[in-house]
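Look for chain A in each of the two complexes below; its partner is chain B in the first and chain C in the second.
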Partner chain A sequence: MDKVMSNKKVIALYVLPALLLIAVIIYVPLVLTAYYGLNAWNGIGSPRFIGLSNYRELIRDGLFWDSAWHSFLLAIFSTLSLILYLAVAMVLASRIKGANTFRKIYLIPMLLSSVAIAQLWLKVYHPTNGILNSFLETLGVKNPPSWLADSSLVLYALFVPILWQYAGFYILIYYAALKNIPTTLEEAAKIDGANALQIAWRIKLPLTMEVVKVTIVLAAVGSLKYFDLIYIMTGGGPNGASEVMASYMYRLAFRSYDFGYASAVGFFLLILSLAVTWIIRRLTASDDKIQYS
Partner chain B sequence: MTSMSQTGRIGSGASKHSSGGVSGKIGYLILYVILLVVAGFQLFPLVWLFFFSLKNNQEIFNLPPLALPKQWRWENYVKVWEAGNIDIYFFNSVWITVVSTVLTVILGSLVTFAITRMRWKLSSLVLGMFMAAMMIPVHSTLIPLFSMFNRVGLIDHPLSLIISYVAFNMPITIMILLGFYYALPKEVEEASVIDGCSVHRMFFRIILPMTGSVLATTSIINMIYNWNEFIFVNTFISSDRLKTLTVGVQNFIGQYTTDWGAIGATLMISVLPILIAFLFLSDRIIEGIAAGSVKG
Partner chain C sequence: MPVMKKISMLLTISILLALTACGQAKNEGGDKGTGGGEGGDTKKVTITFMHLWPEGVSAGQNRIVNQIIQEYQNDNPNVTIKQDVLDNEQYKNKLKVLSSSNQLPDVGVTWAAGFLVPYVEGNLFTPLDDLLSEGLGDSFVAGTTDAYAIDGKTYALPLEFNIAPIYYNRAIFEQYNLDVPETYEEFKQVVSTLASNGVAPIALGNRDRWTGSLWYMYLADRIAGQEALASAIKGEGSFADEALLRAATEVQNLVDMNAFVRGFNGLSNEEAKSEFLNGNAAMYLMGSWDLPNFTTNEDIPQEFRDSVGFFKFPTVEGGRGNINSWVGGPGVGLFVSEKSPVKEEAKKFVRYFVERWGEQSVTGAGVIPATKVDTASLDLPKLYEDLFNEMNNATSITLFADVQMEAQAAETHLNQIQALFGKSVTPQQFAETHDKVLQR
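Right, the complex of A and B next:
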């Protein structure tokens, strides 16, 4: 039995194709990004080695730091919105009829392509015919803003479709975690006189902490990767007011053909993602294990 | 708020706070309204989309947004399908999605089988390598991938998409399959070995068919991702006849910025397949999404 199940040839045959694929398509490009970041290159000719110049320029690049700030803001919004999702999930998990249907409805936006979502919300935000401003006008608001054309509003406006897209996903995850809590704990607390809010805060929240930690990482790191919606809806505008790191990198590479510098940004993005993951894991790590007894 | 759960439960008569009655019902109602509001927010834009895809510009610009279309202008859909190359984009999306998914699922199954059922020292390390790949932002690989594909002449070729999709979907596919494979009983393998089965036969004829349900789940997740994928197509593909629905729709709308009915119809066409799939497969989709993320 052991001989059959540890046959090296078979193992290699089964594992290598996929392993080589991710090595070539995912890992090798990472190394290449790091390498290209040390070069000046327009993508067509040969790269010219310039050492750390790109990174030095990156540190001084105002546009880059603006985009980093915007990414950071979105990361904060994304993480804070988790509170909202958790609250909704708690409502959902408290023996409401039709919870399953609600769960499915919430998930629908997640199934749409970013193009569809972006184009749809472009229409929602349309200054004259969009459903948002039409609604505001019927409420009596005289001059509703041009949401996507106003530099001070655009980033916040962009966050709403993001919220819309991911709400169902996080609510689903939290709901599953909440459903895993044994009802006996809740019942015991009720008998002891706890009200729903106390139960939510002192029992449900701590027991879903592991899952919450995972979602914090997902939301924060995920927000660093926001690209599609922003690229399609505003292209980073107006005037870079909604540029994020990923879109800045894309613009540098495929509009300005500055592959070297863009790679430096791309590499920075990678390191940042890994660093944020690590930092959040460290900050939210706890040694005590909760027991259900 | 305090007594929602007390309807129909026996043992709570002993509790000290007020039971049942009006306050319980109001609390339940409030919660229900909250859920309804959220549901409304999630669905509202789509309902609006459906309506304006069936209107002409006159109605859209002059009448209230939520008014039902005076005439249900299905010709918007016909016009867009024929004039906009949407049929080509649709076809490309379908075949690229299917081919990528099939490849991913097969390769992923092979790997998951080897990692979970076969005995070798490096299995944890290799699993770790697959899982670590999930943390990599796609954008950090975009430029080198573009350059690599360019060098082998795969830019503007569907293979660049297929290869990329299979690679990037591998980690989540394996993750979804992992739980199922771990739970398979060992007796099946032991019986097969005793019967003189080779590993290949065991895998393809016995184990793989047993994974039918989780294969369905991971296939659906793969298909959703591939169908909706945008950035790779946008970066690697430039010929119109090779574009998938996502980029095709994006370009098409760029040309028709003022014809809202056409835009609406285009968007509806691009999302309908997934919505229909969701209608029939919602449970599997939920299972796949939950499996792929909570196990972290």
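Right, the complex of A and C next:
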């Protein structure tokens, strides 16, 4: 076995299919997107090279920066919600009654397709017969808001299902990380007289920190390029109030027929995501390697 | 580079299809007709035909399409028609992607005016004037092919023709002793009576935006007149025209009167329609394509269908519009790809299809065709016949604004409509934003 693995040709043979696939599916379109971003192109005729004009327009495009701000807000909210998920995972991991059932319940949204979730929440938010407004009305609220029609509310109304959708995913990751902590540590702490809060703060949190860092990157970058629920539930409306960068890009390419500019937006989104990843990595970098034993 | 482009486009298609949760990731580019050209009567010919009438959503149309194709294949045993069926939005996306990789189907469905422009500029559709001059032209309702003409050449042949009346629920009107309004003042009376009785006066799903555009178009037409609106849309006139500003203000007045269902800016047209179908809302301004729902569609209770009537958008006092002027226009039309290897065969098929579609679509789908049909000999629902006759009395028909404008301007218009209805812009800002994109 070792002999086979040290053979360079065999290694190449094994790596090649995946490499090809990644190159064709990710890197080639990436380069092409960067190229189209430098062109004026309606997606049908032939592209016309215009250099950096698209990017100059991008910097002055108020609609783009609005959508970028919305994406950024989503990133903040999904990062903050990680705290909640971690807390839930800690409770679930501490052998409470029915933890297994709860874990499955939290995971259900992740198993639904985005379209199903969108349809579900459209019904919840329906202004007259939605469950949310019906509930508010029975509580005596006279004029419950139209969640998806009110431009000051719509973005936050959309955040709820988006965060809900991914809750199970992060809880699962944290749960696995917490289960990995040797029980001896916890027992030792208990013997030393630490209470549950101290154990969570001083032992469990530091030991899951590496995982937390990864999830922060996942949540932040995932939010920056978020698309599906917003596209299905509001299409970015009303009048761009819930537009995020990815939906703005889609709108430019497939509604305004401005493929060149949309490519520029897409490429900018990539750069932004890379930058955010790098920044988060820098901010959370730590020298001390934690050792379990 | 072309190979790269093709590859990347194929990938875009697959990503797109995955995105829109559609399982039909077939690429039909490879198996286009092998025979072809002139005189290929005996050769085997395959014509690919991409359309947007899936069985589930447009059962009536789907049946007709299959029937026509079957007949055509029986008459021309050497021809095989291969269908590729997609849903409306997915259809638009796929057409776009296929056209950038030069893989358009031989025959396909397109929309008029603004939608058509990039395809014609990209030299992707072939002119069909020879079909029109060979006698087919006479069978169209006058003027219906105009919207498909660019620089004097017609690039697609229309199948449907639509106008938009206000449908209303007679049962609700009777309950509150309301008469069909003929003037805008009367209309406002109706709205305020309904609103004060807790009935939503108008079903409007403005998440789709073109729905709200219909209301603005009509108000603009009735107040400012057809010419002012048309020239503003062309970029020659201005949306800041006093009468057009008044139309925009009037939209916001209606919003203030609670004329539209609650949360209309967040509702899709389908959701709004169900408010009307459930009897929660009294009126619904929509195209004649929805007629089957109020006449023949068995899924909707007979009692409701019987209670639906329609009226023409009322005239505004002091306005320049005529009550017989409509907002509407041709629906979809058929194009033939410029690069099709079986162009002549495809044209022949289009001709056959358009001719057969007329009568079939009246009886089978309940839509109004773009070709002349003698309805006297057919047994048709009254609502349908009445609207059909109204169309013959029309003094003018203004094409839907978002169809008239080119993609980018249409996008701005639609967003501004949502903003106007949501009161996040003033009529003045609404006008300025329009002029900025239309006058450049």
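Things to note:
Here is the rule we go by: the second predicted complex is superposed on the first by the 275 of 293 C-alpha atoms of A that agree within 3 Å, B and C clash if a C-alpha of one lies under 4 Å from a C-alpha of the other, contacts with A are read in each partner's own complex, and residues count from 1 in each chain.
Note that a residue touches a chain if its C-beta (ideal position, glycine included) is under 8 Å from a C-beta of that chain, and two chains touch if they have at least 3 such contacts.
Source: prediction; values computed, not measured.
In the model built by aligning both structures on chain A, chain B clashes with chain C. Once the two complexes are laid over each other on the shared chain, residue contacts for A:Ala188 go to neither chain B nor chain C.
Within the superposed three-chain model, A:Asn239 lies in touch with chain C and out of touch with chain B [touch as defined at top]. With both structures placed on the common chain, the touch criterion links A:Ile76 to neither chain B nor chain C.
In the superposed model, A:Tyr14 makes contact with chain B only, not with chain C.
Within the superposed three-chain model, A:Leu52 lies out of touch with both chain B and chain C [touch as defined at top].
With both structures placed on the common chain, the touch criterion links A:Val221 to chain B but leaves chain C unconnected. After overlaying the two complexes on the shared chain, residue contacts for A:Pro127 are found with chain C alone; chain B is out of touch. In the superposition on chain A, A:Ser263 makes contact with chain B only, while chain C stays out of contact range. Once the two complexes are overlaid on the shared chain, A:Phe254 sits against chain B and chain C alike.
Ranking chain B and chain C by residues of chain A touched puts B first. The intersection of chain A residues touching chain B with those touching chain C, taken from the two complexes, comprises 24-25, 28-29, 32, 43, 113, 115, 128, 228, 254, 259. Residue ranges of chain A in contact with chain B, taken from their complex: 1-2, 4-8, 10-11, 13-15, 17-19, 21-22, 24-30, 32-33, 36, 43, 88, 91-92, 94-96, 102-116, 119-121, 123-124, 128-129, 131, 134-135, 138, 164, 167-169, 172-173, 176-177, 186-187, 190-191, 193, 195-197, 211, 214, 218, 221, 224-225, 227-228, 232, 246, 249-250, 253-254, 259, 262-263, 266-267, 269-270, 273-274, 277. Partner chain C is touched in their complex by these residues of chain A: 24-25, 28-29, 32, 42-45, 113, 115, 122, 125-128, 146-151, 154, 228, 234-235, 237-241, 251, 254-259. Touching chain A in their complex are the following residues of chain B: 1-2, 4-5, 11-12, 14-17, 27-28, 31-32, 34-35, 38-39, 41-46, 48-49, 52, 60-61, 64-66, 107-108, 110-111, 113-115, 117-120, 126, 129-130, 133, 135-148, 163-164, 166-168, 170-171, 174, 189-190, 193, 198-200, 203, 224, 227-231, 235, 245-247, 249-250, 253, 260, 263, 267, 270-271, 274-275, 278, 282, 285-286, 289-290, 293-294, 296.
Within the complex, the chain C residues that touch chain A are 4-5, 7-8, 11-12, 19, 21, 92-93, 96, 99-100, 118-119, 121-122, 124, 200, 206-207, 209, 261-267, 271, 275, 280, 407-408, 411, 415-416, 418-419, 421-422, 424-425.
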